[in-house]
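Same chain, two partners: subunit A is paired with subunit B first, then with subunit C.
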Partner chain A sequence: MTIPRFWREIPIRYNLMGSKCPLCGTVFFPPKEICKICRRVSIDQMIHEKLSGRGTILTHTTVHEAPTDFESQVPYYLAIIELDEGPSVLGQIADCTNGDLAIGKRVHSVFRRVSEDGVSGTIHYGYKFVLDHSR
Partner chain B sequence: MREVAILGTGITRFREIWDKSFKRLGIEAGLEAIQDSGIQGKNIDALFIGNMASGLFIRQEHIASLVAEEVGLTLNNTPAIRVEGGDAAGGLALAQGFSAVAAGIYDVVVVGGAEKMSDLPGASIVETIASSIDQEWECFFGATQPSLWAMMARRHMHDYGTKREQIAKIAVKNHNNGSLNPKAQFPFKVTLENVLSAPPVCEPLTTLEAAPISDGAAAVVLCSLEKAREYTSEPVVIKGVGLATDSLALHDRMSLTTCKVTSVAAERALNMAGVNIKDIDVAEVHDSFTISELMAMEDLGFVEKGKGGEAVDDGITKLGGDIPINTSGGLKARGNPLGATGIAQAVEIYHQLKGKADSRQVADARFGLTHNMGGSGGTAVIHVMEAV
Partner chain C sequence: MNSGIVSYGAYIPFYRIDPESIGRQWGRNGADVGKALGVKMKSVPAQDEDAATMAVEASRCALKRAGIHPQDIGAIFVGSESHPYAVKPTATIVGEALEATPGLMAADMEFACKAGTAGMQNSMGLVMSKMVKYALAIGTDTAQGAPGNALEYTAAAGAAAFIIGLENTIATINHTVSFTTDTPDFWRRGGMKYPSHGGRFTGQPAYFRHVVSCGKELFSLAGTAPEDYQFAVFHQPNSKFPSKAGKMLGFSQQQLSEGLIVKEIGNTYSAASMIGLASVLDNANPGDRILLVSYGSGAGADGFDITVTPGIETFRKGINKTIREWISNYQLVDYGTYAKNLKKYKMEGE
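Presenting the complex of A and B:
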C-alpha cells in the first residue's frame, strides 16, 4: 500500500473514528459521507464520533495462507467484531492462541503494528483487538 | 424485448497453462464457439469479454481491443467491450450481451470470459484474487478471500449446527463430477478424509475446499431466438437474468450466513423466466469454496436456510439426486479462471439442456440455472435457461 493511501486513513485507523447519522441514529465505521438509510437528507448532517473499540466476536478464522506483507505473521487470527455502537469491523485478534477464540467473546481495541510493506519497508499501524479476559 | 438464444459454445481446458498466453486462450474458446454455432465472423455485431484482473495478472488493460484484433473483428471495427465485476465478470458480460440482443441493439454477439492467472508468483496471485474484496478495510488487516469464507463457514456452523464433514463433502462431490469432465482441471476423485486432512488455508477450511488457480477461457454465441431458428431446431433460450449488488466488505452486510445478492438475484431471474426454483433440473453455482456452494444451495431456495448440511448428507445435489449441482465439477474441480467462470457455467448448462453432457448428463433436463458471484458476495448474477 502506497504511503499517501495509508496516510489518508490514519485518523480513522488510529482513533477508530466513525460517523453517526443524527436523523436515524445509525453509526458507521469507517465514517460515511451520507447515511445509507436516510440518503439525500443526511448530506452534510453526519457527525464524526470516536468509537469505544469495545465489541463482541461474531466470527473468526486462523489464517495459514497469507499475502506477502503478512507472511511473517502466519498463523494469525482474524475476526469480525460487532462494536457496541452498532457497526461491525474486521480486525486481527492479538495476544491469543487458537483455542482462546470463540464466537460471543468480548474484545477491545488496541493500537498495534499491523504489517510491514516488504517492498518499501513502510510499517503500517492501526487497530487490533484483544480478548477482555485474556489469561 | 426479444427472446435470446445461445447458439453455440467453446471452452478451453482449465489449468495452469504456461505455454499459452491470455490472447491464445481467448482465441481458442472464441473460435470454437463460432464454429459450433455455424455463424460467420461477418455476422458478429459485438464482442463482450468478462475479465477480472488482467491489469494485475498480465499488466494489460484494454483487452477487448487486443482480443478483437486477434479474432479478426477489427477489419469491420466491430465493437468489443470488457466487463468487470470481480469473479462475477463472466456472468455480468453474459448479462450485458443478453441485454443488447434482447433490446434489439445487436442481432448476434459473442460473449467470452478469460483469465490468465499463472503468469504471477503464488503470493501475488493470492493478493490479486483479494483485489475483489475491500483493500482498505479487509486486505489492510491481512484478510484474503478464503479468510472471509472461512469466517462465514464458522458462523454457519455456529448458527445452524452445520457439521464440518457436511461442508467438506461438497468438494468430494465436485471432484466426482470433475472426474467425468474431460475439460476439468482436476479430473480425479478425492475422499472425505483427503479433504479434511489437507493443509488448512484459513480454519476451518482446507486447501482442498478452495477453487484452484487456473488459466482458461470460455465463450458463447448469443442471438435472437428468431435468428437462432435459422440455425437449429432445438435452441437453448435464456429465459431470465437477475443481478444484485451489496457492499464490498463482508462486515458491512446484514448477515454472515446468507449472501443476500444470491437470493435477490435468483428471485429476479426466476420471476423474469416465470419459473419456480423447484422446476430447475440442473444448476452450476459459484463454489469458490465448499461453504460458498452450501450457502448458495440455501440462498437460491433449493433448501431452507440452515438445512444445507443435511441436504448434502442426503445427496440431493449429486448426479442422480433431486437437483444436481455443479455437474461440470464446479469451480473446485473444473477450475476457476475468474473472469471465465461465469461463461464456463453457461457452457455446462447449455450442454446439459442439449443432452450433450455425456456421462454427466442429467436425464430430461429442461430448465438450468447458473449462479456467478463476485468477491465474498458483493455481486451475484443468475441466468435461467430452457431447452425449447
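Presenting the complex of A and C:
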C-alpha cells in the first residue's frame, strides 16, 4: 500500500469513519460521496458518520493460505459483520479460535496492527473485531 | 489549585505464559523461579498488538468513562521503552486514533519503567498553568527479555492511561516529587533488540534507594506518615521488590495488596505502577489517600500523594471492566506462540 493512500484512509481505518445520506438516512462504510438510493440529489449533501464499531457476525471463515504479508498469522479469522448502523464490513476477528466463532455473535472493534510495509516500512494500524463476551 | 485525575483506563492483552513454560524451554525449574519472583504468569501481546495499539485502547476507555470530548485533550504523552518506531512518535498515532488531532501537543516519553508517570507530571504542569484543559498521560509497553534471561520470566505487556485536569476530578494529586541520579542498573543501547542489566546491582543502589528516598521525600513534602494512607502502590518488577520497599517505608501488606498486580500479569514496565493505581482507584472510597511511587532504571522515581474525591462514586458507575476483570480474563499460550508473538524469531529476509 502506498503511503499517500494509507494516510488518506486513516479516518476510515482508525475510527471507522463512514458517511450518511441526510435525505434517506442510509449509512455507508467505507464512506461514499453519493447515496446509492438518492443518487444525484445527494451530491455534496453526504455527512461524516463515525460508526460505533458494534455489530453482529453475518458469516465467517478461517484463512489457512494467506497473502505474503499475512502468512505469519495463519490460521486467522475473517468475518462479514453487520454494523449496528447498517453497513456490512469485512474484518479480521482477533483473540479467538475457530470454535469461538458463530453467526449472530456480537463483536466490537479494536485498534490493532493490520499489516506493515516490510521490516523498515510504515506500520498500518486499523480496525479489527473481537467477540463481545470473550474480551 | 491542585490538578487531579479526571479519568483512567487500562488495557491488558488476552494471552499469558507461566514461568513453568519458560523454564522448560531453558532447562530451568520455572516454577521455582516464578515462586522466588512472586509471579504466577505474565501477559503476552497478540501478534498484532504493540505499545501503540494498547495505548489507544486504554485511552479510548479513559475518554469514554468520563465522557470527555477528544478535542478538549490539549496534550498527549506516551511513556514507553517499546515504541513501535525508533523515529515517529507513538503519540501521533494515539492522537489520531482518539480524534484529538490536530490542535494538540504530542510527545513520546522515555525513562525505562517510569516514562508514564513522567508524563503525568508533565500533564500536571500544563494543566495547572492552564496551557491545556486536559492532558493525557499513558504508560504502555510490550516488554522484552532476551531469550533465557531472568527478565524473560517477568517482562510483560499492558497499558494504562490517565487524564489529568483541574475540574471534575476523581482524585486530587496533592503533591508530586522525583528522585533522580545517574545509576546504570538497566539499559539498552541503540540498535540492540534486548536490554542489559547490572544483575544484583538492580536492587539496593537502584530500585530501593530511589523508591525509598522518593517516598520519604513525599512524606516530608506532604507532612504525612504511612498510616495516613489507605493504599500504597510501587513500581513492581516482581512481587518481592515493592513488598520490601513498602516495608522499608513503613507500610503494611494490607496497604499494598490492592495495587500489587505483578503476581497475575508480570511487569508491564511503564504501565506497571499505573495499572496498580488503576486497580486501587477501582476500589477506593472518597477521602482515601494513596501513595504512588514509580521507578525507572537509569535511574529515577516519581512520587505522588493522592486523595480520592467524592467524584469517584458517580465515575465508578461508568466502569465497564475493572483491572481485576482484565486480569481474570485470559488464555495461556506455550513458549513457541509467545516467542512468535514477540517476534523473537528472525524471519526469512530479515
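Following the convention adopted for this analysis, the second predicted complex is superposed on the first by the 131 of 135 C-alpha atoms of A that agree within 3 Å, B and C clash if a C-alpha of one lies under 4 Å from a C-alpha of the other, contacts with A are read in each partner's own complex, and residues count from 1 in each chain.
To be clear about the criterion, a contact is a pair of C-beta atoms (placed from the backbone, for glycine too) under 8 Å apart; a residue touches a chain by one contact, two chains touch by 3 or more.
Please read these numbers as outputs of a predicted model, since none were measured by experiment.
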Touching partner for A:G91 - first (subunit B), second (subunit C), both, neither: first
First, second, both or neither for A:I123, with subunit B first and subunit C second: second
Contacts of A:N15 with subunit B and subunit C, given as first, second, both or neither: second
Dominant contact partner of subunit A by residue count, subunit C or subunit B: B
Touched partner set for A:G99, first subunit B, second subunit C, both or neither: neither
Subunit B versus subunit C as contact partner of A:V114, first or second or both or neither: both
Touched partner set for A:H64, first subunit B, second subunit C, both or neither: first
First, second, both or neither for A:Q73, with subunit B first and subunit C second: both
Partner chain(s) touched by A:P4 [first = subunit B, second = subunit C, both, neither]: neither
Where subunit A meets both subunit C and subunit B, residue numbers: 73, 114
Touch list for subunit A against partner subunit B, complex: 1, 9, 13, 30, 58-71, 73, 76, 78-80, 87-92, 98, 103, 114-115, 124, 126
Residue numbers on subunit C that touch subunit A, as the complex places them: 14-15, 46-50, 52-53, 56-57, 60, 84-85, 93, 96-97, 99, 329, 340, 347, 350
In the complex, subunit B residues that touch subunit A: 123-124, 126-127, 130, 135-144, 146-147, 150-152, 154-155, 158, 199-204, 207, 249-252, 256
Subunit A residues within the subunit C interface of the complex: 10, 14-15, 72-73, 94-95, 110-114, 119, 123, 125, 128, 134-135
